[in-house]
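These notes are about the structure you will find just below.
Labels for the chains are A, B and C, by order of writing; each one numbers its residues from 1.
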């Protein structure tokens, strides 16, 4: 068994939310007793609606948000505390790609300066080699050499995101977490950027956590997919498996809404009820108010995440354990 | 505040291109005159030694209280026969040097505290807020008077004292902008790259908030000139034989009836200078910073 | 609301303690009180006796506590010059200062705010432009220059008004005018921009579009909303009722707090300076507190922002 690149066990993150002036602080479980791992060079897709805790999970994996319970280990070592020198040094090995590239770039520095910054911070390569590395990175992400001296606002959204990705790759990280990396981009650009990411990930053998609400995009990049609902994983399986035969009713609803090229959309399940609100978590299975199949047990007891096949698991009372053959 | 700051940050970024040519294109007359006056003042302050026709303490006892227009003393002389023009030039230098140093000190001090509050939050932030409350509770003139009463007046003390003027403004701005920058956006991105706090604050956040801080400096500068001249007018600021604009007005006041020019020329210089800075500063603020009116 | 009031009271209290601490620190740093009080040529035994009797041989923090206790029991020490109670000396001067500052405050309010509001309602008109110009002039001319110019014009040249003293109400005219001009400028400019900001809000356009009469829009919709920022400035002016007259009182030889302060500073009469300092700070903190509470009452949004 390979040592996982990054592994999280029992991660829990609780926010305090206050309603109004006199409201009591309500604990909001953004991530709730969640375990996950990513192997070297593997891409894990994390899918969920807004409020499902997927971005918080990404930040916790990087050690940016502290965990109230549970732990993250990176290459077998525990994650150092946020802001410490060890944590900072570890940034050379793990990087984050943001949803909004304009906000993630310093508007007063040129693109080249910013791509170079991880090298300067971690003192990698000699000073003269860094310029060469920046040129290579820009070429790798598809930026023209003449764009090196541009400022972020002089580039298009897609170009900015390419610059952010180049910056993330500068220090040869072994893990990058992409938090909705293309959702701020035009649909026509999305595919280009996603394909580029996949190629780079493949070329440099980087482990990747790809967080998105968009199943089409995730299907394109991920080797394995975890579906999140209100801070928990409700189903996890290889990408091909989960899209071919989703088992959890929530996953089924999500998958049924993704069109497959050349086929009419059929058997679509439309989700009923309110979108999930982490501050007001339903009892039992958090999904039961919207679940078309919900029974009494769903309202009272929380389903555990159980193995239901080779490399796949689901958290649903109605899914039979380990019986269904895995359809590829 | 925070969302406005971010909006402003973006807007200012877009506006940066071609600033100088645009400034030159639409320059109102009053602003032009203001800039001209300020440049003259600056030159006078720099070349005071060369411009001064007499020493500031040189007495011409045969020409005491002579009126302006005298071929030897353009702006007249005071009660000791000292040349008003020479003293005016020196006063401009002293007042500008004090105001300039104090503005810089105040900006550095306030920004550092604001950043510290944003970085450490918690107890540090509370202390900074209490200090700001304290500053708001004591009118600055009163605080300066108290300090001068206890320590006596000296040039260094005056500069340091004036260096506390308006620090809370910078602190508030720097804190707000730093918090909004590190909550989302480039600062947190750089932290995530592994940058040390010093690098985050000085290489990234400071250049991004600099324009807003500079605009605040144009507000503080004339106020410090007024504060220093007020103190000197009361006889508690710059001490003779050194001279400053306020100090000249203060002493000229004794001869208000017989020799009003001793007091009027420095008074005029104070007015024109503060007016110019206010006009130019207002105009600059409108150009650079649409969020502050 | 209770929480809000308590947090504000707490902040005011902390500020007062900070000011007291400031006075204590400055007092101790400025030299040995024994030396200051007794003078340089006193034998060592007398110095030691003085130190023991005033508790100066105690650790600093005990001295600090004793100091705070004496302050809160109203004991501010004795003026070195007049050998009178410092508090007594200061309180005697309060009415004279208020005689100037209250009329000046009224002038600021009744000229500054209407001028600003009128200018805002008639933007880009000649009146608006002159209000802006006069407002800028009003606060860029330092009060000591303004005061002396008025003296030069009305007392020296025209000879119609007295240049100093406190004998009749006529003597108060020039100082009051001098003091109010800067404030009028500030208030006019501030109310103008506050009003312009409010008039641009959607609810004002909605009200006019609904057919509410123009005067109704201005009085019932725009003014109450513009009042919130204006109150801050007015609160500050109320807070400086005691402190704001230092320079003007000196120019016009008006026997108020400000003049007492300047004289005491020149004489290094520490007890009096300290007493004035604390009194001014207390006034300022109180009026800031009132403004904050008034704010909370006028604008519930602020209440939430400040607490969270």
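Just so it is clear, contacts are C-beta pairs under 8 Å (C-beta built on N, C-alpha and C of every residue); 3 or more make two chains touch, one makes a residue touch a chain.
For each chain, UniProt lists the protein as follows: A = Peptide/nickel transport system ATP-binding protein; B, C = Peptide/nickel transport system permease protein.
It should be emphasised that the depicted structure is a prediction, and the values quoted were computed from it without experimental measurement.
When chain centres are defined as mean Cα coordinates, A lies farthest from subunit C. When every chain is reduced to the mean of its C-alpha atoms, the one closest to the centre of the whole protein set is B.
Computed from the mean C-alpha positions, the centre of subunit A lies at a distance of 57 Å from the centre of subunit C. Chain geometry summary: the mean Cα position of subunit B and that of subunit C are 22 Å apart. Annotation: 50 Å between the Cα-based centres of subunit A and subunit B. Taken together, the subunit B residues at the contact with subunit A in this complex read 9-10, 13-14, 184-186, 189-197, 199, 204, 207-208. The touching residues of subunit A, counted against subunit B in their complex, run 62, 64, 83, 88-92, 95-96, 98, 102-109, 117-118, 121-122, 151, 153, 164, 167. Contact residues of subunit C toward subunit B in the complex are 11, 14-16, 18-19, 22-23, 26-27, 29-30, 136-137, 140-145, 148-149, 151-152, 156, 193, 197, 240, 243-244, 246-247, 250-251, 261-262, 264-266, 268-270, 273-274, 276-277, 280-281, 284-285, 288. Subunit B contributes residues 130-131, 133-134, 136-139, 141-143, 145-152, 222, 226, 229-230, 233-236, 246, 249-250, 253, 256-257, 260, 263, 267, 270-271, 274-275, 278-279, 293 to its touches with subunit C in the complex.
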